[in-house]
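These are the structures, in structure tokens.
Two complexes are shown next, each including subunit A; its partner changes from subunit B in the first to subunit C in the second.
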Partner chain A sequence: MQKSIPLLMIVPSLLMAMAIIGYPILDLAWTSSQEVSRFGKLTGFAGWENFAEVFGDQLFWDSLWRTGIWTFFVVVGTLAVSLPVAIILNDDFYGRGLARVIIMLPWSVSLTMTAVVWRWALNGRAGLLNATLMDIGIIDQPVEWLATASTAFVVEILVGILVSIPFTTTILLGGLSAMPQDTYEAAMVDGASGWHQFRYITLPLMKPFINIAIVLNVIYVFNSLPIIWVMTEGGPANGTDILVTYLYKLAFRFGQLGKAAAISLIMFGVLLVFTLLYVALVSRGEEDAAPEDEKEA
Partner chain B sequence: MTNPFRTSTAALALGLGMLASGAYAETVVDFTVAEYSSKTGPYFQKVADDFTAANPDIKINIEVVPWDTLLQRLTTDVAGGNAPDISIIGTRWLLDFASQGVAEPVDGYLTPEFKDSFIGTFMNPGIIDGKMMGLPVAASARAMMVNMDIYDKAGVAPPTTWDELYAASKKIAELPDVYAFGLQGKEIETDAYFYYNLWTHGGDILNADGTSGLDSEAAITSAKLYKQMIDEGLTQPSPTNYTREDVFNMFKQGQLATIFTFPMLIPQIKEEAPNLHYKILPFPEAGAKATYGVTDTLMMFSDSDVKEAAWKFIEFAYQDKYREEFDLGEGFLPVTKNVAALDHFTSDPDVAGFAAGLPYAKFAPVIANWEEIADVTVRTLQQIYLGDVTPEDGLKAAAAEINKIRGL
Partner chain C sequence: MSRKLTRSLLYWLFLSPLVVVILFPFGVMFVTAIRPRDEIFTYPPTWGFSEFRWTNFSEMWVKTNFGGALMNSIYVSVLATAIALLLAIPAAYAMSRYRFAGKGLYRNFLLMTQMMSPIVLVLGLFRLMMAMGLVNDLNSLVVTYAAFNLAFTIWMLQSYFNSIPRDLEEAAWIDGASHLTSLVRIFLPLAVPAMVVAAIFTFINSWNEFVLALTLMRSSEDFTLPVQIYAQVAGRYQVEWHHVMAGTVLATVPVAIVFSWLQRYLIRGMALGAVK
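Moving on to the complex of A and B:
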């Protein structure tokens, strides 16, 4: 009885959350099994037809592959930059407050605006980036960054990393400031170098925070439309399309809402599977690592 | 400098105003307006205010939406049951709206006198299955624009044929800091920039039997020509990074000798680059004359509860004085006979240059899935411009894909 009271107390909010999260998903699943007119009217049962069409579409598979690349590199790149940044910002130095503000600042600008600014900056003739690079002599001809898919996609990943840094740094800073200082003092007494402290104290203790940063970033980045949409609309020649930009075109340009619903359901499934797998992997890893007596508690 | 008294008066007035509007049985007409320029919103608001002043029981609720998001906006509005009563749309979307029963035929409302005030050419694209599904609200035709300073400097005359354009571009390419031909390769209307070329080579978007004309001899010739001009440095580098606006901006800055453009660029040039010596000329030819006629349509929604009031507003808004202000302000070609007869539209060389092509203008085909077909075309053109596929292979594949979309 005692144990069930807390459970009972969260039941109402749990139900509400399930309704709010669950209803759109059910509606989406329903839509994806229907023939849908250009204006969202359901015109008949389609069964698996929408899915069959999606799976038979080469652009879908290309976009799926590119979504994987996009998500992997943005998330890994973000972590690789954010962790050192967070460690530096955690140290006490003159002007730290200002440095923290500067790192956080991009967060306050909407993604779309950031993307618009980069689109201008990357303009071949009039862009600031080419002008700067030519001034300091790195290139002598303007580079059309967004003209080919290969350079455009790399640039978009870099911008994706840039805009993900503030959020990730915040999570990691939170973890670092909760770190027990006496462990470091003990390690220093034992003669551990800076790298050893990082490798054997910081990194293991930061693991839960890094994990949450990975999961949340994967979800955000996987679903992120504005950067790619504003900079190239998935072009040239669909070479930078990820699932969400392709989905947007299908739904709002071509009016294929059924097919678009099927893709968003697939995207939801991919993310769900990833999150479950990742959480399972992480918790198993933690159990293996935990000493016996801790397991008891 | 906030005056508390003034603020409270304003609040009081607002409150009274709301009371007042509650007291009358007021009809509200929701009108979604496509944003052509920064002048569009204020212009339609003024017309609406004038209308309400004359008809106090009808209020026009104007909502200005940018072109880029208009179709998405209307799609979600219709799907959510919140469709406006009237809206400006691209005529290329009209078939989708009409075939889904979203558009209301206007034949029943259109009096013979009102109908007769329009120029016939612009009425035709709005007729679907013999029914008039909307009224032309804006029209433009396309033409070639050349920078005379650059042409004079290179010592060549503006071209009338593609061979001449190519030869002149070769000469111009030798000049420093300028490019001969502005080629669009990114985003909206990348396909149109190719159709100009295709049509003047005698090809067409669709063959007579409805199949795609992209694998025709004319299409391959014109794609090869563009590709050759890219490879030989006659266009600005990397066209796939240049939208229509990017190309037009380069022209305004005097960096391009030749572009294909629309009349709306003229007011922009007059304002931003008044010293540019430009000339409007017909597209170069290679066996055929052509221009691209584009109209936008004022459409009434079949779900509307206030069709009578909406129509009253439409008739009001089509008065000559409003049409004149609209066409002049936005740089459109007139769609009504009376405005077309005005001095400005008959004597101005720029307008005349664009209007000259109207007798042989081509319109985008009124077919289902047009946006998807355009997307296939744009993707293929980008692949060709980038050198990922040859014009023959690319266009053959594109034609096959379009035929599949068309169910042929």
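Moving on to the complex of A and C:
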């Protein structure tokens, strides 16, 4: 009886997660093996046909390629901005509280709203980005930012970076605040310059946190629909489609449920790999931390 | 002292481009929301405008059924938060206070659910809700949001529960209190701060969610705020941008204020939940 108490306490949450997150995966696996009529009805077993169709689809490969570019540049760009920002925010200076609040601000706004506001700010005729750039004299004609796929995609990547900065900075700040202060004092006594301190102390100690930030960002960015969906819906002419937007169109515009389910499963597989990577990283971090606890005890 | 001053100036100088880019959309939002309608598509585009047209807000409220969407968002977010907490509290307590078989397994399972994004499952979820007759029913969002926020809530609570000393409960048992009484009268009151923080984050996540709301809510009277605002922009020939921006201001600013006040707790929760 005593033994079953903790299990009873866990069961409700387990059932909930199983029903809402576990079951749909099974359903996707089932759907991906079915033939689907034009009206979205499953009409019979199709084997691997849906997967074959996906792999034979040029739009799938284009979207996959673009997903890679999107994920890579957003994750790398975010890290390149967040690392110096986190180091600054960890230091003591006038107005640090305000700086923290401003830099965390994009996190509180839903991606949808951010994307809607940017869509308007980038408007080719009356957008205020054009107004600003014309005021400073960088351009003298309004630019149609979202009308061509290549420009639109670059802009979307930049917005993606902007909204990922708060989360990444938070993780890095967590790492920096756990940094042992005496190491720096020792280095200072030994006459290490600021750059050397960064290169040989901060960076190696930060590595686990940087790794975790990278893996988590890869997972989130890879999965992110709202920015591209709201700003261009994957257009013009599928030119900014990534896997998630393509998947969404297949499922809810074109009724190609089998194909959409197959892509979902492929994405699920990719996510699984990254999640396992994350688990490995976290548990390695815990092993490193374990001797600390023993010392204390 | 002056060293700190030069350092501060240098830091702010370095941060200034980022600060400008972050504040830019907020500026766009306000400036568009309060300008007269016929000054929106001026050429050449300009930040300036002739007067503050505050009536844009009340006009938008009536014309776009903002109140209805607001109520839907509140309904979904409040209930999802309540359910997530109700399920997470016992689970977090068990994870924090008991050793049992399958604990590590459950931890990893939670991690998996945390990593699964709604977009990958959206087709499966849609078919599930279809089969249960819950499409166009706000309760379908309530359950899904609760489920997707469980993992984070459990972690956050568990890490806080770990910091509440066991002695307090044990002392209560010795005094003859049952486990349940000590749980309700000693433990839970101590855990209130953590529950409040976890609740607010679940609330904000639910408030901001887009993909599931877009998919599961098909008729406009069931829209939550993000979908309602998106619907005024997508696939329309003529977009009333001053209304759209007035809507984003109203939907965004209260949440941003609460969030700014809470962000330091988030740093702590992240460090405990996600990183460790």
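Brief remarks on what is shown
Convention: the second predicted complex is superposed on the first by the 243 of 297 C-alpha atoms of A that agree within 3 Å, B and C clash if a C-alpha of one lies under 4 Å from a C-alpha of the other, contacts with A are read in each partner's own complex, and residues count from 1 in each chain.
Operating definition for what follows: a residue touches a chain if its C-beta (ideal position, glycine included) is under 8 Å from a C-beta of that chain, and two chains touch if they have at least 3 such contacts.
Just so it is clear, the structure is predicted and the values come from calculations on it, not from any experiment.
By the touch criterion defined above, A:Ser108 lies against subunit C but remains apart from subunit B after alignment on the C-alpha atoms of chain A. Look at A:Val244: by the touch rule set out above, it reaches subunit C but stays clear of subunit B. Legend: residue contacts after superposition of the two complexes on their common chain; A:Thr148 is shown touching subunit B, with no touch to subunit C.
Using the contact criterion defined above for the overlaid structures, shared-chain residue A:Thr132 touches subunit C, although it does not reach subunit B. With both structures placed on the common chain, the touch criterion links A:Ser33 to neither subunit B nor subunit C.
By the document's definition of touching, neither partner reaches A:Thr67: not subunit B, not subunit C. Of the two partner chains placed by the overlay, only subunit B lies in contact with A:Phe254; subunit C stays clear of it.
Applying the stated contact rule after C-alpha superposition, one finds that A:Val230 touches subunit C and leaves subunit B untouched. Between subunit B and subunit C, the partner in contact with more residues of subunit A is C.
When the shared chain is aligned, no partner comes close enough to touch A:Thr78: not subunit B, not subunit C.
In the three-chain superposition model, subunit A touches both subunit B and subunit C at residues 123, 125-126, 142, 233, 251-252, 257. Remark: subunit A residues 37-41, 123-126, 142, 144-148, 232-233, 235-238, 249, 251-257 touch subunit B in the complex.
Per the touch definition, subunit C reaches subunit A in the complex via residues 4-5, 7-8, 11-12, 14-15, 18-19, 21-29, 31-32, 40-47, 87-88, 90-91, 93-95, 97-98, 100, 102-103, 106, 108-113, 115-117, 119-128, 143-144, 146-148, 150-151, 154, 204, 207-211, 215, 226-227, 229-230, 233-234, 241, 244-245, 248, 251-252, 255-256, 258-260, 263, 266-267, 270-271, 274-276.
Looking at the complex, you find that subunit B touches subunit A at residues 71-72, 75-76, 78-80, 96, 100, 102, 185-187, 236-241, 246, 249-250, 255, 369, 371-372, 375, 378-380, 382-383, 385-386, 388.
Those residues of subunit A that touch subunit C in the shared complex are 3, 5-10, 12-14, 16-17, 19-21, 23-28, 31, 81, 84-85, 88, 91-95, 99-114, 116-121, 123, 125-132, 134-135, 142, 162, 165, 170-171, 173-175, 177-178, 209, 212, 216, 219-220, 223-226, 230, 233, 244, 247-248, 251-252, 257, 260-261, 264, 267-268, 271-272, 274-275, 278-279, 282, 285-286, 289.
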